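Both complexes shown next keep chain A, but they swap its partner, so chain B is in the first and chain C is in the second.
Entry: the complex of A and B
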């Protein structure tokens, strides 16, 4: 049946509308920003929360999953800030610049703001309020999409980071954006960041989220200039309902690597909208998800090859235990003039339990004839032959399984260029394996 | 790699402008009043002398259809169809009855022109044939009715029922009632529901337990009349341990308007039975500017109901302005197997959105999907497929390979696979890249002195031939004529 009458609004939709009506006047930014919010909000109003009949959200029915929308988080008090102090520990061993956001609001006193040449760091709320030209030039414009998750973020965006790395500059340390939950009461946060990496710059950016019973809608607009080298790592953990959108445009001759690590996270939707706008760019979009219990992790990609001679590699692996549900939707679009595109996508799901579910949808949409594009997808259990081999060497069943799972995950984690981050994520994966019942 | 000149030439040869089945046969026909209403449904049912339950079934479907909306999710774009501005029933005035002698000679000539000599086969039936020569029994459907079915007597001796479904409704109502709509229910989808309400004819096949059907069965569909839609319904049942191979071919005249073809095919395979269903679809694709052509909106589904049953779909798709079809297998019986082999070629402004569904429900079920798409001109060719293993489908196995080739930079090739695993013992493999299959072979050929291009052509040609070989011999020849194409530079 294809009847698509707009149903009565759900409580969550009503709550979101109420939040917007209530906060509209206080949200940062006037004029053009206010218009941007209005437009985005109208998009949400006409479409409602995405549900399983919306193709891109087929396997993550947000209308059913989001029973109620929590009130917008209040500005963090001292207790909340103290609570958030230890967030982002997964990378403790890595020398990095920490920028901390508590319940979506920038916390300068917890952040490392030492000055560095060619590096500008600010808060989005401030930039919106004073109509900062860099923000005005890019916000809402990096990747045009009708997605309702992004629309909600645009309508309600409160705070986030604004970072500019000037042409040719290489910051001394990786920049770590830490998004922590501080408040004890359930709340929702709409964070939005903008990072502009200018021609020839080199940067490593880490974004980590860990939260309790909260709802997070996070968006990052990333402008990657020509001849740059950018490594972006996103780490998502915790019990929050988490929707994240990466909106990126990549220039010519760039090297762009992105990695999404998701472990022990209740409900995560990572959507990546990436456009290759310049020639000869090489990109790798990768991810590892570790799921158990009733975890739900959705990695959705829209990779648009809009320029010739670009190479992209997408690789996502997930390990599923318990009654978890992993989703991968990867769409590669090759525009008519993007000849010589070389795109390869691989998605693999390792099912450890009969009650887990892995849904894969690798998609190709190709309009150019001289391209090499392909995708592979596999789903299955651990190879009993390999397990038997290990066990015949005197290794216990549990240990054999752990070894094989580790090998499966490592194949992708291995690709992270930064040694410290790589080791930290390997350790996090081992911890997850160790605590497997 | 871009396509080599030879390939481009060969594709041009089967170009839309050179459609050779585009003639119209001038015969008198009898039509239902234009438009669609309950009265149209009653008219068709009355014309067919159908039992009361059948009319009730149709009317239920029609009422259901009124509440449904046309699906829009497929990657096809077409002007809104005016369902009230078409004829839902058209029959040649002189209806064929006891033997071919009574068939309008004009119709027989049409089939001869199409290369399907109904009469000849009937005559040859009585002649002693060399041992092992293959014969094909043909059911020819002209617009809304079946005009001739050959080899009836011989099939009857073997116990095989092969007749127009309208006749089966009268002669074997218990069988039709039992199976009709059991695979594609009347509530299934917009076009299938429409078909349930207004289908006029089609083939009915029942192969009793333990019988291996002595010859290939074939139906040839021809739309002749202007402004009519064709809604045929095919129902094939293979009882325990039976085997049947069924072929289907189709053509239509060249007309400026679009004509709708909304068929439903239902297959039921009981324990240890096997059904092989092959299609060479060559409906009129419209002219080079996309004017006219058939809208081919078809629902085909097979139900592997019994243990160790097997259903295999093979299709060669070259025609239709728009193709919207997903021959599927429901793998219900333990150890059952589903196969899907497809070659889809689109040219001009054709739009193809085709693929398959493999639904694993039983234990140890296996399936295999091989799909080759070739798009040229300004066409769009989409593979859309679903592979799913349910909770109880332990040890389900699937292998999918779908490759596509683009010729020219104004066409599109798309792949939309859905892979859903709800069982840890399921093993699903999906690949959509040529390099994976052929690197070793390419190396081997090149090492023997072939150029990279020649080697690719050879390897992939061989691979397409594997798909072609799934077709019964009679059709393989026809299909090969349609596609003598070298494939290279494939993309997923």
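Entry: the complex of A and C
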């Protein structure tokens, strides 16, 4: 007899079910979209919130962490919009196209919608409501996963960006999706974006989140075409409970770089589902997390090499102070025909406090026989030998530590191709260091 | 007043006694060689002077200008003019040599209540100093000691010494791992810094270095204390006869 035991539902699970029941009639999209939502919702109902016995969520027990689910955010009022005006400040000084979302809803009046040839920008809510063909072709299909975080997003997705960059086009400026919290009352937002970058296009995409006491479930479906060059940077700051899923498929001969910067964020789960579906692509998936207090940051990767001759580099670093907790789970799957795959994963945690915890879990699943794959993981305190060397030259203990931590962070940030973004993130890291007690 | 007085110094490292009542005086402007067999406590002395953690002074004192430095942190000692040229300079990934030099110099100046050097002043200082030592711009841009050869690392130590201009320089086996050409460059760099205002402790196992850096005085260390003091000819005598007699005497 095979009986699936379901524990009593938690208040958060009950609240999520209630939110869905209440909102389903007015969530954007009918027909196929409504079916997609139903299907995803059933996945959540069957499994419940992921918990520590679900391997992929082992170190981020969402069932325990999510005590209550906040009500869905209302459409932002004038006050909320005004509040959101300053979001995305970390990149002040970088010339970019700002697209602003307040409590999950697109705010065109705060966004830069200047027309540009080969670039189409719209809102997901609109696209779902009118069954836009681009969205219908891709939504829920870019990377199939049973993950419950993604399922909840699909069931409750409200708004987000829909961007298409036509073949061969290079937008003049980086495109910056700014997700801001505007409301003063605790609320939850389910944002979903779709970005399609067609053959030969070159684009820099930035996604930033900064929010107060809110819950954000964000998903980005990213279709990266053949011969493209794409730099994707995600910046997460703020006190929200934040779950983000990147669902990406990368075509042939592409150069794909992603970078996740997380600093001073209360609870973040960045899960990256990335498939290399075409040959001869080179990719770098990197990230830096700066944690203190009781911050919890989880970077989880599922990298699938589904085509031969691709190269991927995964490199994540975290700096932990206080009683913070950093998690890195990196799984690289090499499919049987993905010969000549070259994948190297490296994760390093720098522990500044005895009470901080870093969990590193690299995994390789290799089904092809002619590949080069490797992984490494380290966790440790600042090297006392290095500190002594610096201090023996007259540099104070605090400044020596700052110099060494900065160097540790910068070695990864240095890899960001865009100079302005790179400098802005270095500065953000310096600010974090400077405010260290 | 002598620059440095080491009085009856006893030091333990991880519960093991290394220095055993070491007494030594260094006059202003004096270059003193410290020679001794392996395990005699030469490097321990260097680290204790620089203030490395886990070197426990159980008895005695170290006075700089008549005041004890034992309670001072390494950076405070550096600002007072103590400099250690490491036997094994460490690699500091991610910190450019130039940034390192500048941070160190300005930190010391700040502690001493002197103003920071302007960028052009600093650049000129580094340019003038590095040329003599065969340290090029490329090396200055690279992270401290990362990928440097043994000789480059030692030259970088002397460059730091030349920029920081200490009053007491401790050179810990600066000759180890150097071929004769590299040794000459390093020794010339050191000799250029000899001055009545600067004292040096040159720690070495071999006499060879002292052909290039000629000491005013030679101290022989065995079993953690000074067992003989003499002129530069003492080094030659050691080279001929070895350390055996002193090791037996100290036992």
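To be clear about the criterion, the second predicted complex is superposed on the first by the 433 of 437 C-alpha atoms of A that agree within 3 Å, B and C clash if a C-alpha of one lies under 4 Å from a C-alpha of the other, contacts with A are read in each partner's own complex, and residues count from 1 in each chain.
Keep this in mind: a contact is a pair of C-beta atoms (placed from the backbone, for glycine too) under 8 Å apart; a residue touches a chain by one contact, two chains touch by 3 or more.
Only a predicted model underlies this, so the values are computations on that prediction, with no experimental measurement involved.
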Given the touch rule stated above, what does A:411 touch, chain B (first), chain C (second), both, or neither? second
Between chain B and chain C, whom does A:381 touch in the aligned arrangement: first, second, both, or neither? first
With both complexes overlaid on chain A, does A:34 touch chain B (first), chain C (second), both or neither? neither
Touching A:373 in the superposition: chain B (first), chain C (second), both, neither? first
Kindly classify A:344 by the partners it touches after superposition: chain B alone (first), chain C alone (second), both, or neither? first
Touched partner set for A:362, first chain B, second chain C, both or neither: first
Check the residue A:390 against both partner chains and state whether it touches chain B (first), chain C (second), both, or neither. second
Which partner chains sit in contact with A:403 here, chain B, chain C, both or neither? Use first/second/both/neither. second
Tell me which partner touches more residues of chain A in the superposed arrangement, chain B or chain C. B
Can you check the complex and tell me which residues of chain C touch chain A? 50-53, 73-75, 77-79, 83-84, 86, 89-90, 92-95, 100, 103-105, 107-108, 111, 143, 160, 164
Which residues, counting only chain A, touch chain C once they are in their complex? 383-386, 388-397, 399-400, 403-404, 406-408, 410-411
State the interface residues of chain B toward chain A in the complex, per the touch definition above. 1-3, 67-73, 187, 190, 391, 404, 406-436, 489, 491-492
Which bits of chain A are touching chain B when the two form their complex? 1-4, 55, 336, 339, 344, 349, 351-381
